[in-house]
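Just so it is clear, A, B, C and D label the chains in written order, and each chain counts residues from 1 on its own.
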Amino acid sequence: KAEGSKTVALLFDSLVSPFWVSGIEIMREKAKAKGWTTLENISNFDDNKQFEQVKAMISRKVDGILIIQTDAKAVIPAIRAANAANIPMVHFNRPPAKSDAYSVAIQADNRKIMQDTVGFMVAKAKKQGGKYKACILIGDLGDVNAIQRRDGFFDVVNANKDIIDVVARVSTEWNADKAFAGLTNAIQANPDINFLVTSSDFLHPQIEQVLKSANKWHKTGEAGHVLFGGFDGDEGAYARLQDGYLDACGVQNLFLEVDMAFGAFEDLWAGKKPEKLLLDPGFVITQEDLMAKRDQMWGYTVWKKMQKG
Amino acid sequence: MSAVSAGGGNRSTTLFVLRNAPVLLFIVLLACFGLMSDRFLTVTNFVNIVIQAAHIGIIAIGMTFVLLIGGIDLSIGANMYIVAAVLGLFLKDLPLAISFPLVTLIGLAFGAVNAWFITRLRVAAFITTLSTLFIGRGIALYFSGNKMVGFSPEVLALGRASYFGVPSAIWGFAIVFIAAYVTLSQTTFGRQIYAVGADPDAAGKAGIDVRRIVFSVYCIAGVCAAIGGLISLSQVAVASSTFGFQKEFPVIAATVLGGTSLFGGRGGVLGTVFGAVLIQTVENGLVMTNADPYLYPLVISIIIFIAVFIDSSRNSILERLERRQIRVERV
Amino acid sequence: MTAAPFFEASGLCKSFFGVQVLHGMGFTLRPGQVLGLVGENGSGKSTTMNILGGVLPMDAGRMTLDGADYHPRGPREAEARGIAFIHQELNLFRNLSVAENLFITGFPKRIKGLPFIDRGRVAARTQELLKAVDLDIAPNTPVSRLSQGERQLVEIAKALGANARIMIFDEPTTSLTTRETDRLFDIIGRLQRQGIAIIYISHILGDVMRLCDDIVVLRDGHKVGQAARADMTIEKMITLMVGRTIDQMFPPREPPVTLGAPVLEVRGLNQRGMVKDIGFTLRAGEVLGISGLMGAGRSELARILFGMDPHESGDIRIGGTQVRELSPAACMDHGMAFLTEDRRAEGLMMEASIADNIALASLPKFGRSWAGFIERTRLGDEVQRISGAVRINARDIQRTLVKNLSGGNQQKAVIGKWLLHEPRVFILDEPTRGIDVGAKYEVYKIINQLAADGAGVLFISSEIEELTGMCDRIMVMAQGEIRAEFPRAGFDREAILRAAMWHGMKETA
Amino acid sequence: MSSTQSITPGSAAEATRPQRSFAVRLLMSEYLVLVLTAIYFLVMWALVPSIATADTLLDILAAMMPLLVVAIGQTFVLIVAGIDLAAPSILAAASVAGASMMTGEGGFALFTGVPIGVGILAFVGVGLLIGLLNGVCVTRLGMPPFIVTLTTMMFFSGFALFYTSALTDDGSSFGDLPSAFVAIGQGTWHGVPYSLALAGAVMLVAHLTLSRTVFGSWLYAIGRNPRAAAISGVPVRRAVLWAFVISGLCGGIASIIYTGRLETGTPVLGQRILLDIVGSAVIGGVSLFGGKGRVTWTLYGVLFLSVVDKGLQLLGLDLASVFAIKGLVILSAAVLDAVRHRLTLRG
């Protein structure tokens, strides 16, 4: 086929958070700019259904499959099937488990980014002095990213047990109600929580709502401010950083990740064989370096668009 | 072959204990969590529990009506999401006094569509609502483009507001509950719901307008889904594309846990409220005691199990004790 | 007193699934008239009444009420036009109380215009209506706790409350004993004097003769005769109904010369509040009747014997072996069968075919190999034979659903189910409920045959004539106790009634 | 989409009526769901020709097998007027338990070299055990099936997650399964997938059990009127217990196929397919109120849902359209069925 008329399948496992919604929109746009056609399928966290979707895309003889799988191991048969059909496969944001099958994965370094984010918060806490009661909102326990982010959090707090005591782990299952109820309960049990980390920015609205109800929603520097860290870097996170409520946010570089993914397709079509895992180093953005780094933050672009529209 | 040996006053205390067994279980549960966390047994915490149970509870009240006639509504989650999408996308600038009634009407209309297929075309309720679950969400997703839907500050303020010291969610919950309770127990319509649930053929022969009852019941479920959706969105502040997704499971669970039968004719909204609050209490207790998140589903399921076990054994004993007798035995 | 007719039906036709069951049925009603409607099972009596009561639409025909066309679109409209209907299959809601059942279509309101029920008035009015039918129960008793007979009285009370001009009684006495039946007839007499027209359907032709001014006879959906009481005899009715003469109500019963071994022995059976100190022996070849008033505990005794209800003490031997863990399955293993009085809830699978229903109790007998594959041809043949023996009136027993059968044919299906099981001990609780004279005769013959083949039959019935005609011995129960026993030679209607009326406990207490 | 069994009274009078056109007869038959599947297929064929390739067809067939097996298990429970919501958790728990036996990676390496039979026993054993537990609670403790299976679903889904997190490093799943096992889900024999044969065997046994045996007739009787069945000597409790055990067993077998296909034992297996399981049976014509259902009907229902899904996957549309189309397709099928039902009634 001519370079101009490529068809690429975008297989997502969900569109729950702005990260994924923006992700698929950026992909659609960039693909269009390149003259590619896109096909979509959402599996709703069902590994088996996603396998069927890959097979359907193979039947349609697409030129490339971009996949966000739910489970790193369950995706392997899908990679094999794509290999057999000679269709390049790129994993977006979540790498597959090790296997003999070949595919390229783009991933943010979740654990590292979370370590850096929490590390920044701890440093800030040390500067402020005092003891901290911490709470983390954990994602779905079946999701690798959620688990890596949780681990990144504990890597840092466990090293700083002298000033930080984790009093609440809220299981959100990536679900807004669960997050709302869980955090309300956690704050009820521990009204003195003053260190809060969420595994994804899409839970910010619930956090804001709960903290407001508990009269704990204050800007940095104001009395009663809760040290607050996020992850993803969406438009809400940008707004809250700018307004001074969010202290730090681990940003996945969504634009970069999409470019890396599409670049990988082009390399593969050209017969090159990129590394199996390409890392997006990500970065931490804070109130202090917001202006300097915001252009790399995808949420800022979305936010800007929303201000206009 | 042994009968329950209970005589005279002894028997009436047995009956009392049995009749109130669910409440006793609840008290035991409160005591256990209370011992494990000193912040559990506080008024604020209990208020929290009810606030969090409110939206499930309200939708489950609607579901109770549907189950009472032997129907089912799987589409409530889609209904909630449509309400959220319309409110957040199109009615953001209207005052609440106008936008809330409007979206409640949308919920009603959604219920009426279900009802129309079920009563006029006689499509099975399970399949009708399974399809509208997909169609409804599809339409709402079309509007929202999968994006998070945000709401006006007034809506969010309402979610945090209290009137006369009582949070808005509890007001909503209480009003819906009282209206439903009175309707079911004190009106002809309510009693006819039970009749239709017990035996629709007989109800038709007795001159009850079965279609009208069935139609109304799905409309009620639609309205309750809308109100529950409003309460939920005013709390969680945004609606993602999965808002209300698979809500049918916890809702039906709360209803059935409250003693309403899936086969119609048996149950009521008081039990439903109890079921919704019980589940929320356990979840709250687990967070309060900082339990390992992996244990949540295990503990919750065991407690629901015990509750239902007590309830069903109690029912069979009660049935035996309260059987009418044909002989007056001298003691 | 011959007022002019105010209701007229003519040329009524009705088909189900392409089969015509009513052919031009018609009749008239005058105020204060009692019209009897008789016919074999499935001849179209209930169908006619369903059309009148708005339950079914008619295919052709015309009805007028006060000279104006009357075509009810539903039961509601029929009720509004003053027609009350007591259905053959009881139409009560088990999950509601008696009072709620009486007012389910329209409760008195507390405040006019608001929907709230006035519970006080409901209770008071219920008390009144229950008193009219002489039923002594609290208005808020759940219907699920009433016996069949009591439920029938509640249905009658409900119809009384409707203030109707035409009242339809479709076999109202099938679960009533003599006392309640007499009471009902008093009520009907009173209604008649108030100028209410009554349609009375029954298979107890004696009652029809006693009660009705005019009698209409149906056969296969055709009206085959109508006459005033004076011009009608029971024999004539039967001849019109079945198309042949039947000169005897009961087949000759030859009491066995020597009774066989005991097949059912009961000693010292007790259950608090239900039965007390029951003891009797049923022998092979014997038909033992149990008489009693409503609530005497006959059905309770039967249920205990078949392992459906618990008992505290007592010794029960079936076919000589003591059965300790009583359950229906265990009793059936010992050759027992039990025809319950509630055929709809306990006897039949309404949504299944006649054949499936008949086969149900005997399936294991037709299972082959370890997997239990059913020998379908043998089963099919046997079921066909049985349905012929009980004379079920249906074209295709493999396809016809039981719910589409007439009431009497449903009863025959239950009897057939147990016959296929070939019981050694057969407990029959009101076995001839709702079946026509011809069919009754068949059932009696079957009972005789069973006894002749060496089975023991325990025959519970509220019709004393039936018991005296069929039994070798009659026990009378009252308040859960056996009060008296009469050998065939000593059968005496008055003595049996007197024994049944016993109020021992209440008098001494 | 109910259809009264072949014993509809309408058919009794069939012969007396004039012959209907072929189309009307098809519409009135119990094969309506199949007809609708075919119509949908043709429409899709026009839109995406690749749906009609041999590979895609084989894909549809292979993919529907595990769903078919669980749905057959569900059919048994639905026939006795129960419901088995635990099916997804049986899939998940059996998947992680079975997989953990067979992999050295986080699982019990002690079985390395031991025949995969042990693993398969674990799948089946977990299924049977959960089924038995459900059955015991329903029949011995007298609890309603809906809530019993709801709690067992929560419990065993939670347990599967817990178990996996405790045994694996990344806490998400068990991979690296023996290739002989994986072949059960993926392998073929002369072009016929093993899973097809396995599911075919399950279907045959289930069909014979329901339609030909005493036990099968008992199940229908219980669904139609449990009291009448008990009084007629049917061992109601034992039969209902077996229905749940069979459902559990089918869940275990389906889990083998799923796990083999995915080469992974995962605790989230099947967590989203409860409505597919119950829905396919109901769409095929099995009644939620008991007493009515056939294995072949469930097969039609599963086929219908699978073909609908595959068509939508091939189209590759956005989520909103996928939801809307899927809903509309199911609804139109249901409406047609309702119309048909009325026609049969009218005669």
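Basically, contacts are C-beta pairs under 8 Å (C-beta built on N, C-alpha and C of every residue); 3 or more make two chains touch, one makes a residue touch a chain.
What you are looking at is a predicted structure, and each value in this text was computed from that prediction instead of being measured.
**Q** Count the C-beta contact pairs for A-B and for B-D, then tell me which is higher.
**A** Taking the two pairs in turn, the one with more contacts turns out to be B-D.
**Q** Rounded to a whole Å, what is the gap between the Cα centroids of subunit A and subunit B?
**A** One centre to the other, that is 35 Å.
**Q** In whole angstrom, how far does the Cα centroid of subunit B sit from the Cα centroid of subunit D?
**A** The mean C-alpha positions of subunit B and subunit D differ by 29 Å.
**Q** Using mean C-alpha positions as chain centres, tell me how far subunit C is from subunit D in Å, no decimals.
**A** Computed from C-alpha means, the inter-chain centre distance equals 44 Å.
**Q** On a C-alpha centroid basis, what's the spacing between subunit A and subunit C, in Å?
**A** The separation of the two C-alpha centroids amounts to 72 Å.
**Q** Where in subunit B do residues touch at least two different other chains?
**A** Answer for subunit B, listing residues that touch two or more other chains: 145-146, 241, 294, 296.
**Q** Could you list the positions in subunit A whose residues touch two or more of the other chains?
**A** Expected reply: 15, 141.
**Q** Which parts of subunit D, given as residue numbers and ranges, touch two or more other chains?
**A** Residues 161, 165, 318-319, 322 of subunit D each touch two or more of the other chains.
**Q** Where do chains touch, given as pairs?
**A** Touching chain pairs, listed by label, are A-B, A-D, B-C, B-D, C-D.
**Q** Spell out the residues on subunit B that touch subunit C in their complex, using ranges where they run on.
**A** It comes out as residues 1-3, 182-183, 186-189, 191-192, 194-195, 197-199, 202-209, 265-266, 323-330.
**Q** Applying the document's contact rule, which stretches of subunit D touch subunit B when the two form their complex?
**A** It comes out as residues 1-2, 81, 83, 137, 141-144, 146-148, 150-155, 157-159, 161-162, 165, 274-275, 278-279, 282-283, 288-289, 318-328, 330-331, 334-335, 337-339, 341-342.
**Q** Would you tell me which residues of subunit D are touching subunit C in their complex?
**A** 4, 6-13, 16-17, 208-209, 212-215, 217-218, 220-221, 224-225, 227-235, 291-292, 347
**Q** For subunit B, which residues count as touching subunit A in their complex?
**A** Listed in rising order, the residues of subunit B that touch subunit A are 37, 39-40, 42, 44-45, 48, 51-52, 55, 145-148, 150, 156, 159-160, 232, 235-238, 240-243, 280, 283-284, 287-290, 292-294, 296.
**Q** Mind pulling up the subunit A residues that touch subunit D in the complex?
**A** Contacts found on subunit A: 9, 15, 38-42, 44-49, 51-53, 55-57, 59-61, 70-74, 76-77, 97, 99, 141-144, 147.
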